Every structure is written in C-alpha cells, then in structure tokens.
Amino acid sequence: MINMVLLMLLLASVYAIIRLDRLLTAVLLTSLFSVLVASIFMVLDAVDVAFTEAAVGAGVSTIFFLAALAIVGRQCKPTPRRKIIAPLIVVSATGCVLLYASLDMPRFGEPLAPVHQHVAPRYLNDSAAEVGPPNIVTSVLASYRGYDTFGEVGVVFTAFIGVLMLLGAGTRRTSIEPPTPTGAPKESMRKKVVLKEVADLVIAPVLIFALYVQWHGDFGPGGGFQAGVIFASGIFLYALIYGIEPAQRLLPPRRLAYFPAIGLLLYAAVGIISMLRGGNFLNYSVLVNDPLHGQHYGILAIELGVGITVAAVMINIFFSFSERSL
Amino acid sequence: MFTALFNYWVVIVLMMAGLYIVMASGHLVKKIIGLNIFQTSVFILFISMGKVAGGTAPILKDGISVFSNPLPHVLILTAIVVGVATTALGLAIAVRIYEEYGTVEEDDIAEMDNHDQDLDIAEYQRIESGK
Amino acid sequence: MIEQLPAIVLLLPLLAAPICSMIHNGDYAWYLAAASCWLAAAAAVGLMAQVWGGHTISYHMGGWPPPWGIELVIDELSALVVILVTVFAALVISALRESLRPKMRKHRHSLYYAAYLLCVASLIGITVTGDAFNVFVFLEISSLSTYALIARGRDRRALIASFRYLVMGTIGATFILISIGFMYMVTGTLNMADLAERLPALSDNRVVQASFAFFTVGVALKVAIFPLHLWLPNAYAYAPKATTAFLAATATKVSLYVLIRFLFDVYGLEFSFQQMRIDLLLIPLSIAGILIASLTAIFQTDAKKLLAWSSVGQLGYMVLGVALLNTAGLTAAIAHMFNHAMIKAGLFLALAAMIYRVSSSRLDDLAGIGRQMPLTMAAFTVLGLGLIGVPLTAGFVSKWYLISGALDKGWVPLAAMLIGSSLMALIYIGKIIDVAYFKPCKPEHAEVREISPTILIPCWVFALMSIYFGIDTRLTAGVAGRVAESLLGISS
Amino acid sequence: MALLLDIVSWITLMIGSFFCITAGVGLLRMPDVYTRAHAGGMIDSMGAGMIFFGLLLQAPDYLIAIKLVFTFFFLLVTSLASIHALAQTVNVAGVNPKLANIVNRLEKNRQKESPPSN
Amino acid sequence: MLIAALGLPLLGGVLVSMQSQSPNTRDICSLVTAVLLFLLVLGFYPSVLAGNNPTLVLAEPIAGLGLKLTVEPLGLLFATVASGLWILTTIYGVGYMRGNSESNQTRFFFCFAISIAAAIGIAFAGNLLTLFVFYEMLTLATYPLVTHKGNADARRGGRTYLGILLVTSIGFFLFATLWTYAITGTLDFREGGILSGHVGPGTAMILLTMFAFGTGKAALMPFHRWLPAAMVAPTPVSALLHAVAVVKAGVFTILKISVYIFGVDFIAETGAGTIVMWAAAFTLTAASFVALTKDNLKARLAYSTVGQLSYVIVGAMLANAAGIIGATMQIAMHAMGKITLFFCAGAIYVATHKTEISQLDGLGHKMPFTFAAFFIGSLSIIGLPPMGGAWSKWFLLMGSADAGQWVLIGLLLLSSLLNIAYLLPIVGRGFFRPLPADDAAHASANTIQEAPLNCVVPLCVTATGCVALFAFGGAIYDYLLLLFPKT
C-alpha cells in the first residue's frame, strides 16, 4: 500500500516538473523526486539501491544541477504550442507499446515469477558458502558480477575525463564566494555564524559515516559507491560553507585528479593479481590460499577502489563546475 | 488485478513523462532533467521486478528465509551511477555551450548556427589561421 | 597466457587510459597509447588465430560459470570486429599525434588520449562480452567517451552536435536497458547464450515482443539507421579532425555487430524475421537511407559533411545486407563492415591531413590540393575508388556480394538501385577529386606543402590495405561467409 | 509494562503526525515567507521529534535505539540550520515581513550609512 | 608462361618510370619489353594450335570465382595484334615525342605499358570477372594519356571519356555480369557458352543488349561520344586508343562474350542479338555520314573507327561461323589499316603542324612515303582486294548472306562506298592538287619534307603489313577454324 501512495506522489512531482518554467524549482523538485524514489526502493526491500539513490540522486546530481544553473541562469522559455504535438504523439505511441507489454508481465511481488526461479536462487543459497558476506547484493556486485562493476567504475572514470576535458580541472585560483541565490551584496562571514557552527558540528560525522559505510558494506547496506558519494557530499558541504578556496586548499584539484585513476588501477590490479596467480580475471579465490579469505580480501580491495574513484570524481567535477561559475 | 500491475503502469507513465520532457523542452538543462527522470523510472521498473511479496532485503540473517531478488539491485546500482555520469557530462557540455553561444535555448542556438553558415567562412578561417 | 587472451585484449587499452590521464607530458602519453593499441591489435590477431575455422572461446570472468557470472564469448565474427577496432585504432592513433600538437595545451593531450583509449577499450568490451547487461555498460562507456571526443572539436558547433548526440544516444541506451529488463523479467537470466535457449519458447509472450521492439529502436539509434541518423552528419563533421577517422570506422560498426548478434543469436532467426518480420521494416528504411544519404552527399559543400552523409548511405548497405536474409547478403554486410571501416577511416584521415594544412573543410578551399599534397591526395583517390567499388578494391568485393545477394532473392529492381547508388558514390567522390586535381589553387594556400609522415604513412597503409583486401579476401569475405552460414543455420 | 509502552508510543506517534499535518496546512496558508519557514521548521522539530520518541519506545534493542537517536539529532540540526539559512538569505535580500510592521533591521542601518539625500 | 605475359608489361612500366632521367635508356627498355612480349605471345601459338588452353588462377577475391587467365584462340589473336602493334607504336611514340618535345614523357610511357598489360589481361581473361577487372584497369590507365596535355579542353575530353566509360561499365556491364552469375552460378568462358538452357529468349536478349551497351569502349551509337572527345590526346595515344588497345578491347569483349558466354548456336536460335545488330548497323552508317562532314583529319578518322567497330559487332551478332570469322579478321585488319592512317596523320602533324584536311593540298609530292602508306591504309579500310581488309569484308558479307540479312548486306556495301567517299579525296588532295601559293614559296626553302625517320618507318611497316595480311588471309582463316571444332 505504501508504495502506491509514494508512486502517486511521484506522479504529482513529475507533473509539476513538466509544467514549471522556473528551473531552480524544477531542480529542487527533481531532488524531491529522487528522495521519493529512494523511499520506494526502501519499501521494495532494495536497501543498497535506496542508499545510493538518495545519496546520488538527491545529493550529488542536485548539486551539479544547481552549479550548472548558477552559470546558465534559471529562466527557460515555455515550449510553444506547436512543439507539443509531435513529442506527445511519439510518447503516447511508446507508452502504448509498454502498456501492451505490461499485460503479460508477471504479477508484482509474485514469488513464482521466472525472475526468482533461474539465476537468483544460487545467489541466495550458496553465496554465504562461496563468497562470504551476508549482504548478498555486495557479494553479487563485487564477486559474481565483479566485471560489471569494473565496467561501472570505467563509466565514472570516463565521465571524469570528459568533464575534465570540457571544463578544465578547476585549478584556476579563484577566490569566489558560493553563489548567493539572490545575488545580494557580499555579506561578511559574520552573517554565516549559525551555518558555520552547524557545519562544524555535521561535517565530521558525515565523513566518518562515509568510512563506516565503506567498510561495513559486507554486513549491512553500503559499499564503494555510497561511501564515495557521501564522502564527496561532506566535502561539498565544507566547500559551500567555507568557500571553494579553502576546500581547494584542503584537496588540491591537480593532485586530486590522480585519485580516480588510482582507484580504477587498484580495482584492475586485484583482477590482474588473480590472473597472475592462475585464476581468470577478477577471480578472488586464488588471491590467498584459502578461497573464502581470498574472496573477502578481494571484495574489500575493490570496494576501496570504487570508493576512492567515485569520491575523487564527484569532488573533481564539483571543482570544475565551481571554477566556471564566475 | 489492479494492484498487481499498478507499479508497472505508474512506471510506464513516469517513463513517458521523462521522454516528453526531453523532447518538448527547448532548454538544454531541462532536457537533462527529463533524461534523469526517464532513467530513474526505468530503475523503479527493475526494482519492482525483483520484489517478492513478504520478502525482506537480501541480507542473510538467521531466522529469515524469504528474500527479494538481489540481481536487479546490483544492475540498478550500476545503472544509477551511469545516470549520474551522463548527467554530469551533459551539464558540462551545456555549460560549455552557454559559454560559446551565450544561450542554452535550443532554437536560439539553431538560428545562430544558420547565421554561422551565411557568416563569411573565409573570415572565420582567417581568425583560425591567424591563431 | 594464451587462454587469458580475451581479458588481455580488453585490459590493455582500458588500463592504459588511467595511466595516460596521469601522465602530464603529452608525448609520453602518446607513446603509451600507441603502444597499448598496437599490443591490443597483436592480441586480437592472436585471438583470430585461435578462433579461425569456426571455433568459439568462452572465458568465465571471475571464475564463475556463465548464467551466474559474466562470460566472454568470442567466435569468428567477434574476433573479426575486434581486429577491426584494434588495428584501425592503432593506425589512427599513430596519426593523432601530429594533428593535436598546436591546438591544445600539453596536459589536454593526455586526457584526449585517455578518452580515445577508453572508447577503444569499451568497443572491444561490447564485441567480446557474452552478457546482455554488460553490453549496456560498455555501450555507455563508449558513448560517453565519444561525446567527450566530439565536444573537443575546434568549431563551436561541435558542442551542440555532441549534446544532441548525447541526448539521442542516452535515449537509445535507455531503450536498450528497458529491453534487457523485459528480457530478464520473463527469462530470469542475463547471459546471451542462456537467453537464446529460453526466448524461442516464449515467442508469443507480449513482453518479449516489446523487448524486441525496444531493442531494435535503441540499437537503430546507435547504428544511425535511416530515420534515426540525424545526429551522425553533424557529429562526424565537427568532431576534431583525426577522431572522426576512428569514430567513422568503428563506433557504428560495433553497434551493427550488436544488432546482428541479438537479431540472429539471442532472439533467433525465426522470431526476429519470420514472426516479427523485422526485415519488412529494415529493407525499405535502408533503401531510403541509401538513396537520400547519397543524394544529400552529392549536394554538400563541406568535405567532411559529404563523407559523413556517405557513411550514412554505406551503413544502409550493411543493414540491407542483413535484412536480405541469404548467405550472400549477410556475407556482404559483414565484409562491408570491415571494408567500409577501413576505407572510411583512410578517407577521413587523408581529409584531416588536408584540413590540418588548409584549416577549413569547405570544398572550394581544398581546390588544387592535389598538386600541393600529391601523396595524400593520391591515397585519398585510391580509397575513393575503393568506396565506389572499382574492381581490385575492397569495396568491390562487398558490393559484388550485396548485389548478387539481391539477385539471388530475385529482386532485380533492388539490384539496379544498388548499382545506381554506387554511381552516386562515383559522383560525390568524383566531385572531391575533381576539385582537388583540376581547380586552380587559392592564392592564400599557395605555400601549403605535404603533411608529415606520421599521418601520411597510416593513410597509405589504409590505401594499400583496401587494395590488398580487394584481392586476398580470406580474412574479410572468407570469415564473413562462414559466419553467415552459421548465423543462418545452414550447416555448410 | 509492554502494553503501557505501546499506548504511550501510540499517543506520541498520533501527536507527532498531528503536528506534521498542521505544519503542512501552515505551509500552504501562511502569508509570507518567514511564517512559512517557521511552519517548515515545526515539521522537523516537533512532528519528527514526537514520531522518533514513539519509535524509540518500540525499539527492540539498544543498537537500534542509539541509531534512532543519532538520526533524529542529525535530522534536527541540519534541517533547522537550512531553514535558518533560507530565512537569513531572504532577509538579506530585503524582503520585509508582512505581518509585523517592524522595518527590516538591515534596511535601517543601510539608510543610516547613506545619509538620506532626499 | 602466362604470368610472364601479364607481368612483363607491368615490369616494363615500372622500369620505364624508374629511368625518368635518361630518356634513351627509358625508350630502349620499353622497346625491349614490347619485343619480348610479342615473342612471348607468339610462343603460345604451338600449345594453342595443339588444342590445350594453359590456365592460371591469380587470386580468389570472391569465393568460387578467381581471377583466372586462360589462353584460347580468339584471345591469342587479339593479344598478337595488340603486342605487335605496341612495338610499332612505341617506336612511333618515341619519334613523335622527340619531334614535338612533349612534356612528362615518362608518365606517358608508364601509362602506355600499364594499358598494354590491361589489354593482354583482357585478351587472356578466363572468366567475366577478370575481364571486367582488366577492362576497368584499362579505362583508368588510359585516362592520364587522354589528358596528357593538361589544358582546359584536354581535361574536358578526359572527363567525358572517364564519365561515359565508368558509368556504362559499372551501370550495365557489372549489372549484367552479376545477373549472369546469379542465374548460372559461374562466369567461366566455356565453348558453346554457359547460358544455353538457363535463361529464356527474352532475358537473353536483354542480357546481351546490356553487355553490348555496357562495353562503352565498343562505341555503340549513344555511347560513342568519348571517342571523338579523346582526340585531344597526342597522336600515338589516339593510335593506341583506336587501333591497338582500347576500342579493340571493347569489340573483343563483345565478341568473346557472344562466343563464350552466350554461345553462337544459342544466339542463333533465340535471336538474342537482333537489337544489338540493328544498333550496330545504324552506328555503321551514321558514323560514316558524320565522318564525311568532319574537316579535321583526326576527327574524321575517329568517326570512321566508330563505323568500322560496328562491323565487328554486326559480325558477332550474325551468330554463324562466317560472321564470327569475319568479325575476328576485321579486328586484325582494321587495326593494321587504321594504325597506318593515324601514323600518317601524326607524321603530317609532326612535319607540317597541319591538322585540317583542307590544308593538305599538294603535300603528296613533299611526303611521298606518308601519303603512299595513307593510300594503302585507306584501301585496306575500304576493303579492296590487294589489302587484308578485303578478306574481313568478304566473310562479313558471306555471313550476312548465310543469315539471310539482305538489308544488312546493302548497308555494308553502302558504308564501304562511304569509306571511299571520305578517305580517297584526302589522298587525291595530297597528290593531284598543286601546293597553295604561300606554301610554294616555302617549298623552295625546302622546309616541308618527310617526317623524321622513326615516324616514317613504322608507317611503311604497317602499310606492308596490310598487304601481308592479304597474303596470309588463308592462314588466319585456318587458324580461326579452331574456334569451331565441331563444324
């Protein structure tokens, strides 16, 4: 029942986004959209995914959107009448195909659906014996389909290279205040005393929580992606409150640009070591003489690789955007 | 019957809404918002596939036997980060377009492009070869 | 070492990319990039040697057996496409160094090479993988790196072209994700071989039919089949000079490989062609694509746009070859994938060399270039003849198979149309050659002289390869023939 | 004892949700931005507070209880600080509160600094 | 042996292109290659007379269809004609080039050698694919020759030349080849043809028409424009184009296809050749009428070639033994005759820089050998007895009589009369007209005299060749009977 209510809320927020011309509110509504989606994932027992969606969807992409809007401006022209018909037709056609398909879909939550019969049972029953960590999602993510996650880290790295090529590494020494929404005259730091106090109070726990999520991925929900993103949002908070300049002194972008590569290479190194020791690429059982330990170390190592890459990429992209928003 | 496929129908409507925003809006950032919504709704489709009635999160705990299917969760973990990567790159390109063209409205850019065609390309080259 | 080859051929460029991004000196980055590409090419040839004669290799990633873990499946078709990607990437990268030098600061070079290597690695990843979701992930890497490479273009229109490509590419990729989701929903597995066993039994299931529709539309966007090709001309025309050579040669070809792999192997011949009648859709679209693209190419005033439109036309040939559904047609499609990639890469490289000297790609700026840069223009002419399909060139072989495929089906007007369109190719290539050789040179280009050997040698390697593969076609048409028979289920 | 706990938590949950609803209505009906900010603040402080307390009583063991307290503390601090930031920025931008007729303090010293020319 | 035949001219071409500095060594080496080639081709005669055809597969571009070379009687005759006349054209070319001190001669001789290699390739082609490959090679190799001068009209002529030839070859010839491949599954030249039994009369006719019009080099009427346009080239090139390689390759292709792809009896029973025959007959007469109107000497000879080529096509389409033999002999005779005429035209140009027929008054006294050779050549073209041309015309008439085509006989005789009408006046003007006044003044200063020796010698050799062919007519006839083992 709960997810039906949440889905209705989703529909309402999407309708609002379609109608809105003021982009700032549209971006905030997208962030609300992600929070709602995260809560739906919670209800559908997808804890890891809810974690990531909340951190990534609501946190990081909203920051990127806001940074882009700070540069591009917040007003967009309403779509003229004639430009509505064509998309409407295409969209309704695709929608009909999807509805036609939904007639044969297995019932929602149906235990006998083919999805649960073929490949999944082995993960559920044997993963404890074969791979080890109780959190099956982490064991599937890191070990069974480790190559997928390797591709995934590749995607993040590609985005990093792309943004770096386009916007530069955010290295220009610019001491600029974060953009105050109303563009009011620059107030001295004194005005921000409340925010600074709260920030000092909150940033430390956030960073520690990120490390907790990183190492705790085997037992509870969590893992490399979530940890990286939470660490990055901690740094964003610091940058937004204290300004880009101190944040760049804390994590100099020129050196930070190495870390995504280091994370990806760490991940690949684990794979290559397993190749050198005789197994196939990313086969952790051969890492140490005892296969179960091998899997354990393997997962820890690649989760760390993923964490480093994702955190470094998100922070670097933020610095690139902030450098441009003069 | 209604509750059985409700999830999927809402997801289909969300997908179509996302697609509509991408196609209808002229503003580049609005297009990326549309893309974001379109991808996120596909993720809900995947996750609602994996739900087992009465199952809990796929974390082994003694005493619990019915679990939801972990495989869609793994796929969606990957897909979410793909979505963010695409959004980040799209926004970077949109920012660069703003710096070059001065606007992010699709039709202003198109009209500027046509103007470029009539602009005397030779003059454009001279700047180029002068650099 | 030998049985680890599938992983090695993928890892070489993929690991070279982060290392490249860390090296700040442009030249060392280039050496590393070129070395990794050439090593990957050697590994690809090793792979083809293992698979020659119809065997397949299965490599279990992470040591887990297929439906649970991810497996890499390599048969002759994927070995051929991997060779195509790696060898042409290696050739283009050796030409890349020269054309990048003045325009970008040192550091940007290494980033450029990193993005290039990521694109190469992900294209290999798509060709080699045997897992449906893995195709999506690597497709996403290749698209992202392509958007980044195109956005580096000198002209500001490259940015808007790259953005439009990003929007259409992401919609296409998400369609593919939806179709993978539907396939997973009704079969419970993601492994392609496993899917191939389970899908035919569910052929009347609506979800499978919808997944087929979404997959075809998604990949059609990537392959730039006729109505969904709008992003390609601008993307190729405004991309930085040498990158177009690589993109034109490999990006669309790998997506076509994915289309062939899914249409024939995963969905199965009966489902995709007899039941869903996809060939009734593909044949008119490809014919329209060929005619309209060739016609637009004739009236273009910008050389790169002209070649980009001709690429759309040639892609129409390949799709037509697939849709003809007989051995000759399919052989033509696969052989043309290789031949067209080689010829188009050479043409774009030669054109890039000329534009690098004349710094404009408009046709009347290339006037009289034949005398100033004789060797480059000679390579361009040889490759242009290859594109038209003059005998003793690679283009002729694939045209021959395609037209005989059309005639085998008894469609004489279709064969006549194909001949007509190769005449159109004669016209637009003739237009460039005529401008280059017979028009007097512009005063300000008087002092233009020959390009440096780093670009000239790859151009000539492409030209000589296009002649060599016109004569000894064991690798192209031979492999294509065997693969066509196995795909169509004709036991030779 | 368990029954007593259940009744008390039931009551606190009801109060918490009541507060949330009133704050929701407040968000819509309040005239200007400051009052709406106050309503928003009330959701997290009172509404969420009572709900967390109710849940705390239901918590089966210590670990979950500590986690609940920690989340509540974190939620309280961050959301109230963000509402403060919102209100302050609006104030800096020079929006005068509708209800009370007190002139905006910043407005005053701005006039003080630049002598009234008119 | 076969490899040497194809490889030698290519090797010669490469050698020529290497010695661009020293003209002498270059000319000698191209001459030596020409002579060696001629001897090599003659070497094939004993094995062909003995009946076995040496074959060789060069490469396998398409599965089951290789680049195959086989030596058979028809091909061997054409190869002999081509290689023989190549020697003479090289000698003449050297003289002409030296005489006019033309620019970039190395490129000229290089392309010359490549086109001869292509002609040999066409002669010895084993299947239709190899024929098409070498046919295209010939077009591309002769293109730089046509645009040798590089000025505006040379380029325009070159563009029409390449345009028509490439469009017709890719448009019709390739399409017809593929169609035959699709129908019969093989493209090999075989006695008695491969199409009999696979295809009905209607499609056979369409196929043959496509092949005929597809070979642009045979200059059937709508596609003959390139031949006069190619006149901008220097004379040795026109000699090469009209007598030795290009046009001969065109008609030889049609002849070979009708004999070895369709088969003579198959054409006879299905009447597939009627369209092409009447098209050729029309070209025959029309070209002769147009030749009458042309004042430029080379243009007139060009149109006369268009006419003479249609004789060969008509012979091929008559589809009986006499017709085919007449057609093959016509190839040899016309080659010999027409090359003499072109050599004379070249010699006149070298000596007096005159190109218009009206300017040729009274040159006969000054250049007796050239005009005598011209006279003999014209007789051979017209087909009067002492010259070889008579035999081919005779057999063509016999063939038409066997096929009962009375209208055709009339047309053949009419065109022979027209030949007389446009060739002999030139000879008359040369010998019987007095020199015009201003030339007379020069005559005393003796500026006008014979062209340089190595232009005149080839003239006389080819003239005597015409007469010799008349004598050897019988030997050629017996040799050609090999084509029809069964009759």
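Annotations for the structure displayed:
We just call them A, B, C, D and E in the order they show up, numbering each chain from 1.
Following the convention adopted for this analysis, contacts are C-beta pairs under 8 Å (C-beta built on N, C-alpha and C of every residue); 3 or more make two chains touch, one makes a residue touch a chain.
Please read all numbers here as calculations on a predicted model, not as lab measurements.
For the remaining chains after leaving out subunit D, touch-based grouping gives one piece. The minimum number of touch steps linking subunit A to subunit E comes to 2. Distance between Cα centroids is largest for the pairing of subunit C with D. By number of C-beta pairs in contact, C-E leads when C-E and A-D are compared. At the far end from subunit E, in terms of centres built from Cα atoms, lies D. Located most centrally within the structure is C, per distance between chain CA means and the overall CA mean. One finds 25 Å separating the Cα centroids of subunit B and subunit C.
Subunit C and subunit D have centres, each the mean of its CA atoms, that are 58 Å apart. Subunit E has its Cα centroid 69 Å from the Cα centroid of subunit B.
Measuring from the averaged C-alpha position of subunit A to that of subunit B gives a distance of 13 Å.
Looking at subunit D, one finds that none of its residues touch two or more other chains. Residue positions of subunit A with contacts to 2 or more other chains are 98, 105, 113, 115-116, 119-120, 123, 145, 148, 151-152, 155, 158-159, 162, 166.
Of all residues in subunit C, those that touch two or more other chains are 133, 137, 140, 144, 147-148, 151, 184-185, 190.
Each chain pair that touches appears in this list: A-B, A-C, A-D, B-C, C-E. Within the complex formed with subunit E, the residues of subunit C that make contact are 385, 388-392, 396-397, 400-401, 403-404, 407-408, 412, 415-416, 419-420, 422-423, 426, 434, 438, 470-474, 477-478, 481. On the subunit C side of its complex with subunit A, the touching residues are 4, 7, 11, 14-15, 17-19, 21-22, 59-64, 67-70, 108, 111-112, 114-115, 118, 121-122, 125, 131, 133-134, 137-138, 140-141, 144-145, 147-148, 151-152, 182, 184-190, 194, 205-207, 209-211, 213-214. Touching subunit C in their complex are the following residues of subunit E: 59-63, 67, 129, 132-133, 136-137, 140, 155, 159, 166-167, 170-171, 174-175, 178-179, 181-182.
Every residue of subunit B that touches subunit C in the complex is listed here, in rising order: 15, 19, 22, 28, 31, 35, 38-39, 42, 45-46, 49, 71-72, 75, 78-79, 82, 85-86, 89-90, 93-94, 96-97, 100-101, 109, 113, 116, 121-122, 124-125, 128-129. Residues 3-4, 7-8, 10-11, 14-15, 17-18, 23, 26-27, 30, 33-34, 37, 40-41, 44-49, 52-53, 56-57, 60-61, 64-65, 67-69, 71-73, 76-77, 79, 83-84, 86-88, 90-92, 94-95, 98-99, 102, 105, 107-111, 113, 115-116, 119-120, 123-124, 127-128, 134-137, 140-141, 145, 148-149, 151-152, 155-156, 158-159, 162-163, 166-167, 219-221, 223, 225, 310, 317, 320-321, 324 of subunit A touch subunit B in their complex.
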